[in-house]
Structures are given as C-alpha cells and as structure tokens.
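Chain lettering (A, B, C and D) follows the sequence in which the chains are written, and residue indices restart at 1 in each chain.
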C-alpha cells in the first residue's frame, strides 16, 4: 500500500474535529469540502491501477464534493443571510469535541475486531470511515441549525464513501456517479428547503420546526 | 337438494335489500319488494331444512375457491338444521313485522339501510351455520357481525346509540380475532381448514385446551356468557325491536352454535371443561336474571333475560360435555337435547317478547316501565301475546320453556344417579340453581307484566296507546302458536333433537337410549292438555257463578283511602326492591334520594338504577387506563428532529449488538 | 282394581280433607289462646257461603284479575293429584313429576300475583312482591330436598322418592333426612304464608303477604282462592308427612288412616307453632328461608361427601 | 422494453414540464401512467425481461410489485388530476413532474438487480417526492418536508453503508466484489457471515427508515399528514412497499446464505415493535391523516412480521402488500375528500361524514373495516394467513402478540373513525361546497372493489405469481 495513504486519512480525521470545533459555518463548510477533495485523491492511492475510470471518478468526486456543493452551500448561506455563528445544540464545543474523540477512539478499537480481508488489515481506512460516520451522526444530532445538519449529512456520506473506496470494483462507474448525483441533488433540495425555512421563520434553527407532534 | 334450497334462500335474503336501495327514500314499493324477497328467501331456507328432515340425506356442496386453504364447502347436518330454523323463521317474521313497525315513510333516513342489513345478517348467519370450512365460516360470521353493527346503529344520530354500537363493535371484533387464533390452531391440529373432528393421534398436548379456551372466549363473547356479556344489554335496548328480536333470538345463538360445533370436534374432553361450562351457565343464569330484575328499561330487561337463558343453554351443554367425558349417553342426550331445544324455545319466546315490546314502544313512545301501565285495556292482543311469552320464558307449563328446562333438570338429577357416592353429584347442585333462576324469572315477569300491562296508565302516552296493526300482530300470533305447539307436543321435536345430538356425538352408539325413552314426553303432553282443560273448566265454573250472582263494579279498595291515583301504584322498582336488596352484593344498585328532609318535606324525587357492573367497574376503567398510558407514550414524538435521528442511531446500535 | 281404589281414595281425600286442616289449625290456636274457637268445619261453611255470594270488581281490573283465582285453584288441584299419599302411586305420576309439581305451583303464583297487580292498588302490589320474592328462596330449598330423596331412592318419580322404601334409609342416612324434614317444614310455613312468615288473620295490610294480595277478591273468586290455599297446604303437608313416616304396612286399611293421622298431626303442629311464635320482621324472613336452603343443602352434602 | 418501462414516465415528465397550461397539465399524468400500465401488462405476459447485462431483471417479486405500483399510480393519477383542478389555481408544474419522476424511479428500484442502482433509484424517489409534500407551502408542510428529507436521506445513507458491507462480504470469496443480486445469491454461502449480518442490519435500518418501521418511522406521520391526499396515498401505497422490496432483496441474500434465522428473528421483533408503536399512537389520534399514517406504520410492521415468520406467512405478507396498498389509497383519498368538504382533518370538526358525503363516508367506513382485517375484505385474508402460519410454526408468543396488537389497533382506530363517519355533521360543514363527484369517488370505489375482490377471489395467475415469489424468496441452498 502507498505510504501516503495514512497521513491523508489522518488529515481527514482531523478535519472531522475541525468541523466539530469550528464556530463559523464557513469554517465547517470548508472543512467538509477539503475532506471531499481528500477523498477524491484517496481514491488514487487506494487503487494503484489507475485507469480512466478512476481518473473520471476522482474528477467528479473532487468536483462535486470539493467545489460545487460547498459553493452552493455558501451561496445558500448568503441567500438566506444566515448569521455566521453557531452554537452546538447540546453541551459545548468541548462536549461535542470530546464525544467525537471518544467515538474516533472506539472506531479504532472496533475496527481491529472486524474480520477484515488480509489486504485491508493495518489499514486506517476502515476506522477513519467509521469515525467520520460517527462525527456526522454527532453533528446531525447535536446541531440546531438546519444547514449544520446538512453538513453533518455530508460528513456521514464522506465516511461511507471512504468505506466505498475499498471496493470500487463492486460499484461500477455509473453507480458511483449516480450516488454522487443523488448526494448533490439531495443537498440541492435541502438547501432550497433551508431557504424556505429561513424565509418562513426568519431563522434556520430547527427549534421552530417542532409543530408536528404525537 | 336441501343445501341448494338453503343457498338459494341465502342469496335471495342477502340481496333482498338492494332493490330498496335503488328505489326512493320514501318509496312504499321498495319496502314491499324488499320484504317480499326477504320472506321468500327465508321461506326457501326453511323449505330446505324441512326437506333435509324429510329425506334425512345431505349432499355437501363443494366448489373450488382460489384462496389459500379456503374451499367453498357447505353441508347440512342435524346441528345446522336445528340452528337454521330460528335464523330463517325469526327473520321471516321480523321482516313482516317491520312493515308496520319501521315504515319507510316514517323512517326515510334509515329504513332502507335497516332492511338491507337485516337481509345480509340473515344470510351471514345461515351461511356460517352450514359452512364446513373455517374461512367460509369466518366470512359468514363477520358478515353477520358487521350487519348487526349497522343494525344496532340504525339511529346513529343519537349519541347513546353510537356509544352502544361502538362497544358492540369492539366486543365482536375481539371475538373475531379469537376465532382467527382458534381456526389457526385447528388448522395446525388438523392440517386443513375443513371443519371436522380432531384426530386424537395428531393432536398435540396443549392444542385441545387452547381450542376449547379460544372457542369459549370467542363464541362466549357473541353468546353473552356472563362476564363476557358487556355489549349485550344496551345493544338489544338500542336496536329497533325487530332487530333486537333477531339479535337476542338468533344472533347470540350463533355463539352457542360455534361452541357446540367446536366441542363436538374434541375427541376426549376432560371433565373439568364440562364443570366449567356448567358453572359459567349457572353464573350467567342467576346473575342475568338478577340484573334483569333491577332494570327499568323494558328492552334492557329482556336483554338481561337473554343472558339468563344463554346460561341455561350453557348448563345443558356443560352437562353434555360431562356426559361425553364419562361416556354417559343419557346425560349427553338430556343435556344437549335440552340445550338445543332451549335454543329454539328462547328464540321463539324472546322474539315474541321483543316484538311485543316493540308494539308497546310503537304505541306508547317510551321504554320506561315505570311510565307505562294499564296497556291490557288499550292493546289487549299485544298484552295477551306478552303474557304467553312471559309464562313461556319463566319455564312454566304448559308452554315450551318448561320442556327444555325439564330435560335439563332430568339430566342434572341424573348426575346423582351414577352408582358410586362421590361421582358428579357436585354438578347436580346446578338443579337448585335452575330452580332459583325459574323463581326469579317468575318474579321478574310478574313485575314487568303487572307494571306494563296491568293496573292503570302512569303517563299520558300510555293512556293514549293504541293496538298495533295486523302486520305486527300476525308474527306475534305465529310465535305464540309455536310456543304452544312445542309445549304441548314435544314428542314431535324428539327425533329432530335426537338427530342433532348424534351429529354432535357420533360415537354415541345408534342403538343407545332415545330422548323419547329418557324423558316422559307423553306425560308432558297429557299434563299440559289436562291443565288447559282444567283451566277452561275452572273458568267456566267461575263464569257461571258470576253469571248467576250480582256483579258490581267499583273503585279498587284503597284500604280506606278513597281517591287512589295512578302514581300510587306499586312501581316496578318498588316491586323489585327486596330482590335487588338480596343481590346488592353483585348488582351494586345506585339510589339518588333526598337527604335530611325538613319537617314538612317539599316536592322531591327518588331515583334508582342498576348499572352493568362488569362494564362500569372492570372494562371501561381498563380502557381509560390504557388510553392514559398511551397518551403518556406520546412524549416519544415531540417533533424534535435531532431526537428522531438519534432514534435511528440507537436502533442501529441495538440491532448490531443483537447477538 | 287396587289402583282404582287407591286413586278414588286419593282424590276424595285430596279434595275433601284440606279445609279440615285449616279448621284444625284454627282450633288448636284457639285452645292455646284459651278460647273455644270456631268449629273445626268452619272453613267448609265459609267456602259454601262464598260460592253463594255476589262479587265486586274494581274498574281497573281486566280478565287477568278473574283468571288469578282460577289458575291458582286449578294448579293446586292438579298438584294435589301428583302427590303420593299413603305410599301408593299417585293418580298422576311419571319420571320427574316433582319438577312439574314445583312449576305448576309457580304458574299459580304467577297468576295470583298478576291478579293482585291488576287492581293497581299499592297494598296488593306490595303483597305480590313479597310473595314472589320469598318463593325465590323457597324454590331452591325444595329442590335441594328433592336431591336428597333422588339420591337415596335412585329414582326421579315422587312415588318412589317418597315411597315406603324411604323407611329403610331413615336408619342409614337419617341425619340428612332430618335436615330435609326441617327445611321442608319451614317451606311449608312460608309457602302457605303461616306464622312466622305471615299472619293469616292480621288486620294490618302493611304486614301481610298472601292476605293482602287477595284483598280485592270477593265471592266465588275468593272462595276459589281459599280452597286453593287449603289444597296447597295439603300438598306441602303431604310431602312432610310422607317424608316423616314413609313406612307402610302394606294393607291400605292401615296406610290411609296412618297418613290422615299424620296430616292432622302436621296441622296441629302448625297450630302450635303459630301459637307459640310471633311473626318475624319482614326483613328477617329471607334469613329463615336461606336457613332452610342451607339445611337441605347440608343434607345432600352429607349424602354425597 | 425494460428501459421503456423506466423511460416512458421520464419522457412524460419532460413533456409535462413543457406544457404551459396549468389547467390541462395534470391530465397528462393519467395518460402517462396508463401507458406505463399497458407496458407493464406486456412485460408481465411477455418473455422474461433482462437488460443492461442482468442489471435490470423482472423476477416474480418484481412482477408483483411492478404491476401493483403501476395500477396504484393509475388510480391515484386520475384522482390527482381532478384534485389539482379543484379550485386551487396553485402552479402544479413541479408537482406533476415529480409525480411522474417518482413513478419512473420506483420502476427502476423494482427492476434493478444491481443493488447500487437500486439504491440510486430509492434515493431518487425520496428526492422526487419531497416537493410534492411541500405542495401547499404552509409552515407545517415545510417542517414535514424537512424532516422527511433529512431523516430519509440519513437512513438511506445507512443503507448504502450496508450495501458496501455486503459488497465487502464478497472479498473473502473467490469472486471479486460485486453488488449484482444474482451473483450474490449464487455465492451466498461463501460470503463472510459477520459482514453479511452487519449489512442486513444496516440495510434493514436504512431502508426501514424509508419504509416507516418504528423507531425510524418518525418522519412518516408528519409527511403523510401534511402532504396532499394523493401524495400521502402514493407514499404509503407505493413508496413504502418499494423500500420493503429493497429489504427483501437483501433478506433474499441472507436467506440464501443460511442467515435466515437471524434475520427472521430481527424482522419479527421489529415488526411487532412497529405494530405496537402504530397502535399506541393511533389511540386517541385527533388528526385523520396522521391516524392513517400510523396505520401505515402498523401495516409495514405486519409485512416485516410476515416475512419474519416465514413459510405461508411470506405468501401472506406479499399479498398484504397489495391489500394494504389498495386499502390505504382508498382511505387516504376519502380522507382527502372529507378534508375538502369540512376544511379540516381534526376529529373535533368532522362528524357525520356519511350524511355529508354519502359515498365517501360509506367508502371510508368500509375502508376502515377492510384495513382492520374484517372479512370479506382482502387484508383479512393476508392477516389471517400470517396468523395461521405463526401459530402453525409454533410461534405462539409472536402470534398472540400479533393478535393482541391487532385488537388494540382496531379499538384505537375505530374510536377515531366511527365518530367521524356516524352522527350528524356540524353546522359549519353544512354549507354547500365540495360534494361527491364521479372523479373524486370512482378511484376510491375502484380500489376498494379490488380489495374486496382480493378478499373473496384471488385470480389464479396472481396466486401462482405470489406462490412463485414466495418460493423465490425461500431459496435454500
């Protein structure tokens, strides 16, 4: 395996913490975007046998995850003139950060117990993906801002994508692109909804969205 | 042949209401067409039964049916024949009665609906009685149950009616679910949905018990065995009277039919089941009549008497089961024979009573017994019919009620007679209980007949009541005739009962004792005729005496009080007071009376009622508590999306850790 | 031949003797009270007189009011023909006849009570209510006793249940028979509305049971009621007598006198009870009847335990 | 042929997008879905359908779901067209486009034997439905849409994770990683079981979220409650069953791999739990459409329970997909009529529906009896089959709980629906306005008639198809 792989993954992991810890939405967006780019590059290292397919895939991934989606989110941010400060819903940044740290640690331990294939033992990819998924969940369940939840969703997807890198053979190009397209459309629609939310409630906090009960 | 006739009748009856629907809301012709079809269908059905008795042969009608496990298989045997008769007979009479009682012109809102479901209910019951396949049975069962729901809620614009209908609906659906389980277990035991006796060799240990218990609960709910009777009283009271007649006379018997049919499948019923049934029967009988005595509402009172009579029937069935587990042919024949005959009898006299009650309500516009009175003068025929029904339901000679109770008495006393000392003598204690039931029934119906028809009218309505039209009187007349027929010539019924009993217990050897030899049916005829002749004679004597001597008219002797008013009459509640007091421990009567009145009391009022204990004390509180519990569970869904996402995560973890 | 003779005697006795019992009871009470009292045959005179009288009917009444006495009498007459008197089979006898017996009396009760309600008088309503209420407790006691007899005799026919074979059981299962005897004597007092249940010749309507029911009847109708009551007394008396002295010597010339003697003894016993006891409070009456039920209940339990 | 099934609605969607007239646009939907149905009929009768090298296959399961979804769409599209024309001049371009898109995507989900492709289709349906839920642009519908979108997306992401696990499970085997159903089933026994189990759990939770299994059902009542009636009908009638199909696919693999017992057990538990949640939230529910939504949760539970029981119950569950779908459509559409007539969904304002709207009211009541499993309606048959199988296979506790929950559901549902139907309508609703029309009641009538038909007579071809599908799922290797 390529030695550069693990450092990249560590960067991706640190980006998780950045996403959890940064207090400005822009910062979070950038972190997630950067992670997306990293993922794209990772694909190259995981699959030394670089074919056009992989190249294309990397291009699409980097393009979507790294540029289009973040840009669009920033745009939505401006559209909905959301002020740029976020507070975690539950606890403090410290709280969510430490939770994230614990999760990451657990992911490391847990992934050792997993019956991985030979070529994937001692590979940081699986724990990293689990940790990222966990971070995404953390963000989804602790942040009140709708847009932050979208970002959490993106982190979740990133984590899953990392795992997907292990078996690019299983998911043909068409499917990969389909998945990415779905992701993009999803974010797109979500952004529209957020726009409506901010227009409707003059804020994007989900605290207003608790009318439907029982 | 007989099956085809019955099926034809079922089809016609089921579709009888449709033309009425197509015709106008207030069209007389629609009413006539519907009634004609219904009567025709019922007549065909009866014809089929008679044909079966005449030829004694039955050719099952079997058709392919592309449902899993289902098969359209119908056949008539002795049992179904017995139960088919009330279905068609009462339906026929009820439809005719409806012509005058529920005129389409007077009830444009619900007349067509009522007639439609009257037909479907008849069809459903007839179908389930001849069904030989569980799924077909369930179809008939539910058609009956749902039609009954719509019939009970005929006047659904009244709140009380809606609540009643709802309670009925819950009860009947729970019963249906029990039947789901029952037939599933039967299927597991028999390997097919065809209804037939269980094979002892394939029977798993617990299965038989499960079957019996499920049948007891499922069918008991419909039959109204005591703790399961909650829906029955108000449903009978709220429905139009000819519907009440159908429900009380026939519908609850379908529960009995199911119980009889299922018990006939069990190879070797343990004796405890028989004892259990006997006990339940005694409980329903005694408590049913005790509750009846406390009622002020004429139809509610009759409804509680249905519970009582169901109790008597169940006693007979229990006796038969005991006989089955001990291989005592005589107990089987007397017990089941009595029970089945009582099914008929109760159908006859209870339908008669409800139709009479309908006429009373039709004429006096109230069901309150204490607002009626003196109707014997204004509606003599109705009052005569009611008197016959009352005497019959009390099981007094020379009417039909006596015959069936007589058979059950013989059977119960018979349980003492089997040699060894400590045999089933315990079960013979049901005999005094039956006596108690009879005496209580007499008390209750003296009260009803006296308060409603005798004395003087207690309200304007009652004073201006009028006799019913012939279309309502004729069905009552027929029922009266039937009561006398069975009461005076039970020997005619004996072979039919014998046939039914041997259908229930096939292993009962054919050369075994016959009903006619076990019970002195001839003597019943003799004594009945003797009684009637003697009564006529005595009447003649008195009449001649009065004819010779001076007969004056005067006001009732008020023991010195010279101006008696109708309100001074003994009311039904005061008549029942002592008995209600004796049963206070279970009836829990509520009285609202003025407290510490001054020396010269002002105008005041006293009011007493006997609510249904099981419903008010057990069932409804349970429901309320559950509802409260559930409403508390709503905190799970508070609209917070973060929490929702957490649920997903937790579910994931939980399932991943699952093993 | 034998049976015809027996039936003839049976019918004559059953229809002729009852009023005498009433007279005898009255005489006994008079003697206890130290009076001379009416002649023993007084009831016969009353009946004849009543049948001569005219009558008054309330305007509120219907045919039911007239039917009451007739049914009451007729049922009593038939009942009396079903009781085996002197060990011989009664004219009307078949399996389970005792059920019919009880229900016949029930029919009579139904109509007399209805007739009472027909007048619309509160007092008669009261009487009817009490009559039917107490009957509810007397009925089970009667059947519990019958259980004992059925178990002992192994038959469901009064002729055997109260037949001479019963005598042998007095030695074996005497205790339950004693219990039944007690309970039936209580029923006899209750069913015929005797002290301590009811005072036949009280004059306070509020305290009456049977008497107040028939308050409005007069003339022949009332005569029928009186006679019917006498027959009913005879029925229960005969039951008690047969239960007490079931032994029969075989020769009718012996049995019939014994039986009649027994009846007279019962009548005197009733008179004695009425003289030495006071009427119970209406609220205590059920207690005594329940006691009767328990007595025969214990009787059967002793037997099948 | 196969591609046509997917493309026809797509093309139609494009056309609809082009049509300018707000008034006539909706009427293209019935036409399009009719075309789709015709194609389906051919596909069902014609030779076995394969395309894209075995990526798109029409297997017995697919046949059932495809025919069913197509019919449902046709019924609903008629109602929808009328519904959109009813007074409100609200722009409906997006609505119609998304409506047809979801049809095409569902077809894709049903046809695809490549699980990745199936996932793409599934997510696409989620996205396509979102704008229709937000049709009325009310704050409440906004909230509902947001929850629907986010929760379902997260759930489906989980499913993707699961599918990757599934693919990973192949790494241990000879064949190189794949997501092709047929290969996976073929080599099922060789797959690494821990990964397989994890994959099944993830997929069950993921697609279970979309299917509305408790406790992932939370979006469902909101969406069903706030969406327009026909959309709710489509959601619970067609979309949820598609998610069910996706779960079935993976279950199929587990079953083939001999992990049947494990997955069945989980499914039974989850099914009962969903039924319980449905029952609890149905009792005392004031909002008609939320009530029906919880009923959907309950019935999804029944489906999973049936599969979990196995044997004859699988047949019952597949049959129940049809019964429940058709009945739900009838119920939701009549609820829509009631809402239009009373201007409210709350039981405080609605009563005497059977007098105010004789046809709708009657059908609504009939639908209630049908959905609660009263003979002679279809659901009775499927539920009875499931109970019968449960007790027949000695799952006494499960069977007893199943029946108990059915009883609670009946009581809870009836205590809301009976008062709505019976009694006298309030004065407020007496004024003229919405009345029963042919186009608003005929679809309901048709779907209920179908339910009744399925109750008394299953057409032999359908029955054989169901048996085929059940056998197809039950593969033992």
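Note that in this section a contact is a pair of C-beta atoms (placed from the backbone, for glycine too) under 8 Å apart; a residue touches a chain by one contact, two chains touch by 3 or more.
The structure displayed is predicted, hence computed values, not measured ones.
Set against the C-alpha centre of subunit B, every other chain centre is closer than that of A.
Of the two interfaces, A-D and A-B, the higher number of touching C-beta pairs belongs to A-D.
Centre to centre, using the average C-alpha position, subunit A and subunit D are separated by 31 Å.
Per-chain CA centroids place subunit A at a distance of 70 Å from subunit B.
Note: centroid distance subunit B to subunit D, computed from Cα atoms, is 44 Å.
Look at where the CA atoms of subunit C average out and do the same for subunit D: the two points lie 78 Å apart. In subunit B, the residues touching two or more other chains are 634, 637, 639, 641, 645. Annotation for subunit D: residues touching 2 or more other chains are 143, 146-147, 150, 154, 221-222, 281.
If you check each pair of chains against the touch rule, the ones that pass are A-B, A-D, B-C, B-D. The part of subunit B that touches subunit A in the complex is made up of residues 634, 637-643, 645-646, 649. By the touch criterion given at the top, residues 143, 146-147, 150-151, 154-155, 158, 198, 201-202, 204-205, 209, 215-216, 218-219, 221-222, 262, 265-266, 270, 277, 280-281, 283-284, 312, 315-316, 352, 369, 372, 374-376, 380-381, 383-385, 387-388, 390-392, 399-400, 403, 406-408, 410-412, 414-415, 418-419, 422-424, 456-460, 463 of subunit D touch subunit B in their complex.
Residue ranges of subunit B in contact with subunit C, taken from their complex: 373-374, 376-377, 387, 390-391, 394-397, 402, 405-406, 409-410, 413-414, 416-417, 421-422, 425-426, 428-429, 431-436, 438-440, 442-443, 445-447, 449-451, 454-456, 519-520, 523-524, 527, 530-531, 534-535, 537-539, 541-542, 545-546, 549-559, 564, 566, 568-570, 574-579, 582.
On the side of subunit A, the complex with subunit B involves touching residues 89, 137, 140-144, 149, 206, 209-214. Taken together, the subunit C residues at the contact with subunit B in this complex read 51-62, 64, 66-67, 69-71, 73-75, 77-78, 92, 94-97, 99-100, 102-104, 106-107, 109-110, 113-114, 116-126, 128-130, 132-133, 135-144, 146-147, 150-151, 154, 156, 205, 215-216, 219-221, 224, 286, 293, 297, 300, 303-305.
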